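We call the chains A, B, C and D, going by the order they appear; numbering starts again at 1 in every chain.
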């Protein structure tokens, strides 16, 4: 598995794409935004994606051969942030979760046939997809090792059984990438394996919907049931037994692109609040409140700029060293998900009563981003991992000769 | 205007009422709660209020002669907190905003006839009411002095003209207490006056609804238009020109009862989270995450207990010294509105994906309490007032002889 | 062991004492404050204590028969807060740690002879004392159960061996209350026992000093060594084997009085900052910065008022129910120690460069209160206990019939 | 004024220098650290600087021709962070404030003669310097425009009069760069001018010392008096009247290098805490507390990584666009100064009683970094500037055609 050879566009081409993406979002996408709390319709989705193709801004992360703009990971941040300026922007550009992560995965580990059959229509926006990982307690949640869905080999291929939930995007999806536990077999280690399952396979069924407070992911977050779901050998994505490793490969960039998109929404929120507080200034509202508003504005700028900085740093590191980049993506995920939430929360505050009504979209934005502190590994799980990695890093350094500094010096009996 | 003579029930009677209120909420009210995001129907409201009357827990703050439990302000906190354990509890007990504040006001400054005509049915739950204060920018918002609605005397009484918004409870209300600017006239100073306006008066009209993210206040937060709305002299509540003073009288306790009710919901949220994390412990969830959960739990307990403490302190002070109590209610409002929000936000986090779905009510609770940081004077406005009062308090002390301590001592030219 | 019968002074007497204490601190104590970073000399201490006796404000918490003002616990907060307005105020009034807690303990469980020999001179300020509890890792630190100092009975009494550290006040103290592990013996359970050890006992020795950043506790925080330290039976304080129970009795109020004293210093800090920002206003400093200053001031007021409220609530509860009060004192300790630190930190910020110099005392105040987040049980230890108590409380409620609320409702397969 | 032509070393050379700097700090500098609270002696300073020269790690930011390592600004962060791992590291490497900023300034705007006379010995560590900007209230503090020190032309050059304070490094310095107000004269605009003043000039005098809580800046922060201080024309640094512009040029990188150095100390603090908590794990300390420790550790890692990210981003921007970089340096300064403080504060907490004693250096580190939230423009001043820039940025965008988004939509009269 090696990173695909993108012919990276030059700095100027990226800046040009950024400018065109920005214009497209403001001129075409924003006027099409549904009322707060409503989801984008499928027909609007199709119309906007066609417009994005026409404007040459469609699928920035997808190789040119599949109809995208062919940007390498390091160049995603500035484009995805522009896309995220509208909650429906990433959908319009076909760089929304979970499809975007699935495209990335298919590109990295799919066979040519799988790319033809699954990546091509997905990249073109002709189908949507989902990723079947999370299970009801006590199955795979924060801890992937608890995976309970199984796949057993039979004569014709595999039989998958299990119960997934929070399967984002499943309603109306064309296919699902299903994680299932598989036994050791020949060279293949015991572990997890990924399967490409068509949603019209009679063995897979979308169950109860879960009504969450976010609206931007088309296809909801339903339960999905796999009951003796039969798939051929060609449905295996990547190698048998390496599913957890691939999941990590998917998750590092996937959680970082979430950061990018939501950062765009934080910028949007601040613009809304600045427009409002700016006008109030014009109408002569009490200067006495201005100072407290400045605190809210400045802290929001600091949250936005530090988020942008850690995103860029992580994207660069992911491109250079996937393992180190994945570890840093935990830091980025926790920081950005909390920073973005704080920004929007402050902007709600800056807009007063309108901030909590649907006269402005801010309250809904708050609901859009709240789950990100939980999705993709809850922030507490990431903090647990961050702390353990820090302790292990330091332990290795001391073992390698760095002076141990944890003992207090006792300085003798006389007073100083 | 003097506080009405409640014959205060003894400590044991209050504790007994608290225990019965707690049982009523858990046994009768909680099973009747609507699905997250839905409002209570009017028929359910009527059924629950009748049940509360039957259980002897109805209207804890209302004088016995009007069918309530006759508690003085100092005893409200523990009862209102029990009521708030369910988002519909205060409605079931008829101690929800804005009615509760309007009852308090009518009791304090209404004429016997006004009490008969307005307080009696309001206290009984037979009608609902609203309070017409907030106006569209640049009218009365955070700054009441900007009031633009006017009332002019004519031969038969008064003609009121103006435009209100965020008129909580107006849809379906029986009457509205309208704040309007009035000119000096004889003994009456220029300022604001309160009027009791029947909602079937042809001069008053409920306009556009404002869709906010909270659901517990029956009757929405619509615009209300007053167009040559004619009312007789007997519609004046209290004295002409003293409306701002009365509004302060209303707002001190009114914002404190909000704190009490929402604190109950914070306790509920923590119970939900504790139930969940407790069960997870039973099923053997990874102990490694427990510590981060403990941080969230402990901080929530601290927020709850400090909120309870400042509420009690403020209630005691309001009873002893209305002006000082009203000033302290700003502190209580800011602290409690933020503490309660933090508690629920942490509980969402503790419940993972279910926390942001409607499988649990927590995400909706977050939406219920978010506006409280804005309603009743935004927290920024209160902080501005708190800072100014602190500066003025200190200035007075120094003027009265306290040593000024703001100058840095210069300690001579040699190094120490 | 029952609370001593104080004849509680009336409300007016307490308010009078508060006013006189306030005046004494401002007129007599503040002019005697040493330069930031320096400790009070013993002669100044004696002079100020005599002045306090003359002014009738000495030892507010000590029974009248021992020369104090005889206030019950509920009335301590307002007086101790006035005392704490100066960092040397509690010493001047002889209500500083660790003496104050030791007096409380001796009063509660000492024999008449012990009170005569130890409480009387301690209450009079004629000797200082210390409390030998904390030990070097892995002995008794956050976890008292790890106690390693032992006391063995012999013919003449007891032999104590062990090593203490952070023995606040030990340098120059007249006696030490030593916690030591004792075996079960007759009726006495295995556990810990408290011993009154004269500091001129040849078996006890003050060892290495520990230089901490605080200066207000006279006598430092040194190591103390007990080497075959022989004491008679009459040195046992309270009953053999009940030392841990007594320690809890001591710690609940002791940590709350810390909160009271430091809250006084927070009020002082805010006054310093208000004096300075007030004057700057006079000299026409840019109004644009005022808003950010208001944020700092308002948050400080909120921290101060919520601290005062939780202190009062905890003092009332300690008086009514020692066990529940001790549990709530954990909440008070965490909240107040962090709130007080934040207040002083903001005041440093409000005073700019002078705030971090010794031209103003604020930077030293920051160093005075920083350890309180660690002393008396680190805040993390308290939070751990708070979380566990909350979980246990809820578990008991559910076992007693409260409806379990931790399961997410699954709402059916159709989209809402 | 153009950036000097550094021949930038390649990535590998920088990484090699980083590794050698790291080794030098750990092997040579750390063993030479004075006891917490003490300053480095001049002789130790000289010894360490010679060792740094010998090790080829001296003066990383100084051009090779002046004896440094010749790194461009973009490469400073990783080296300065290594230097800052010891509080005396930057002094050992001669990249400590205020000398480092003065070198940068001299390099950018000094004449060849000035470089010869002032930069050469400063870069070599043969003399120290100071920067005379801040004045007592109401002079130049947060607001440079309030500058009151004046320079008047006379026959022989200039006569400077004024009073400076917080003149970091002045005691024992060889020269001072003095900011003074100058009148318009010919082409030179009215404004401020910088002068190079030898400290043995009889017209300049070091006055009262200001004892601040930090110890790492050699030469204190004293008052400095200029009384008819005569300097020749050749003492003007840069052009007459452009002093404020140069000060901005100096301050952007200067505050960023502070961030770099203190970030190193934050890393050091976390290592100390990790060493300690790691060992406690070995000795079997209660696992129950581990979780709360993990929260402190993880948040510290997040603070460190986001600080590193915003520093890198700002350094890159400063190199590419000085004005935009200077604006972003305000964000970096506020974030890093607060993040670093939080990190050290948490590490103190993790180390318990030893954390607030001088048995570990953490409490002193806290005192070292506290002033950074005030020095170089208080964080409140920067936040005020950040908020204003954000508002102005948005206003320009709207004026340039971006849709104004501040008005709430009114959605009609029917309920949804």
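In this text, contacts are C-beta pairs under 8 Å (C-beta built on N, C-alpha and C of every residue); 3 or more make two chains touch, one makes a residue touch a chain.
Small disclaimer: the values here were computed from a predicted structure and weren't measured.
Among the remaining chains, those touching chain B and also chain D are A, C. Compared on C-beta pairs in contact, A-D and A-B come out with A-D as the pair having more. Each chain gets a centre from the mean of its Cα atoms; the one farthest from the centre of chain A is C.
The mean-CA centres of chain A and chain C are about 49 angstrom from one another, to the nearest whole unit. Centre to centre, using the average C-alpha position, chain A and chain D are separated by 37 Å. Put simply, the C-alpha centre of chain A and that of chain B have 39 angstrom between them.
For chain B, residues that reach two or more other chains under the stated contact definition are 211, 288-289, 292-295, 357-359, 383-384, 410-411. Every residue of chain B that touches chain C in the complex is listed here, in rising order: 26, 30, 35, 268, 270-279, 293-295, 297-302, 305-306, 308-310, 312-313, 328, 331, 334-335, 351, 354, 357-360, 382-384, 386-388, 390-391, 394-395, 397-398, 402-411. Those residues of chain C that touch chain D in the complex are listed here as 134, 137-138, 141-143, 165-166, 210-214, 221, 280, 283-286, 288-289, 292-293, 296, 348-349, 352-353, 355-359, 363, 366-367, 370-371, 373-375, 378-381, 383-384. Taken together, the chain D residues at the contact with chain B in this complex read 171, 206-209, 211, 220, 223, 287-295, 410-416.
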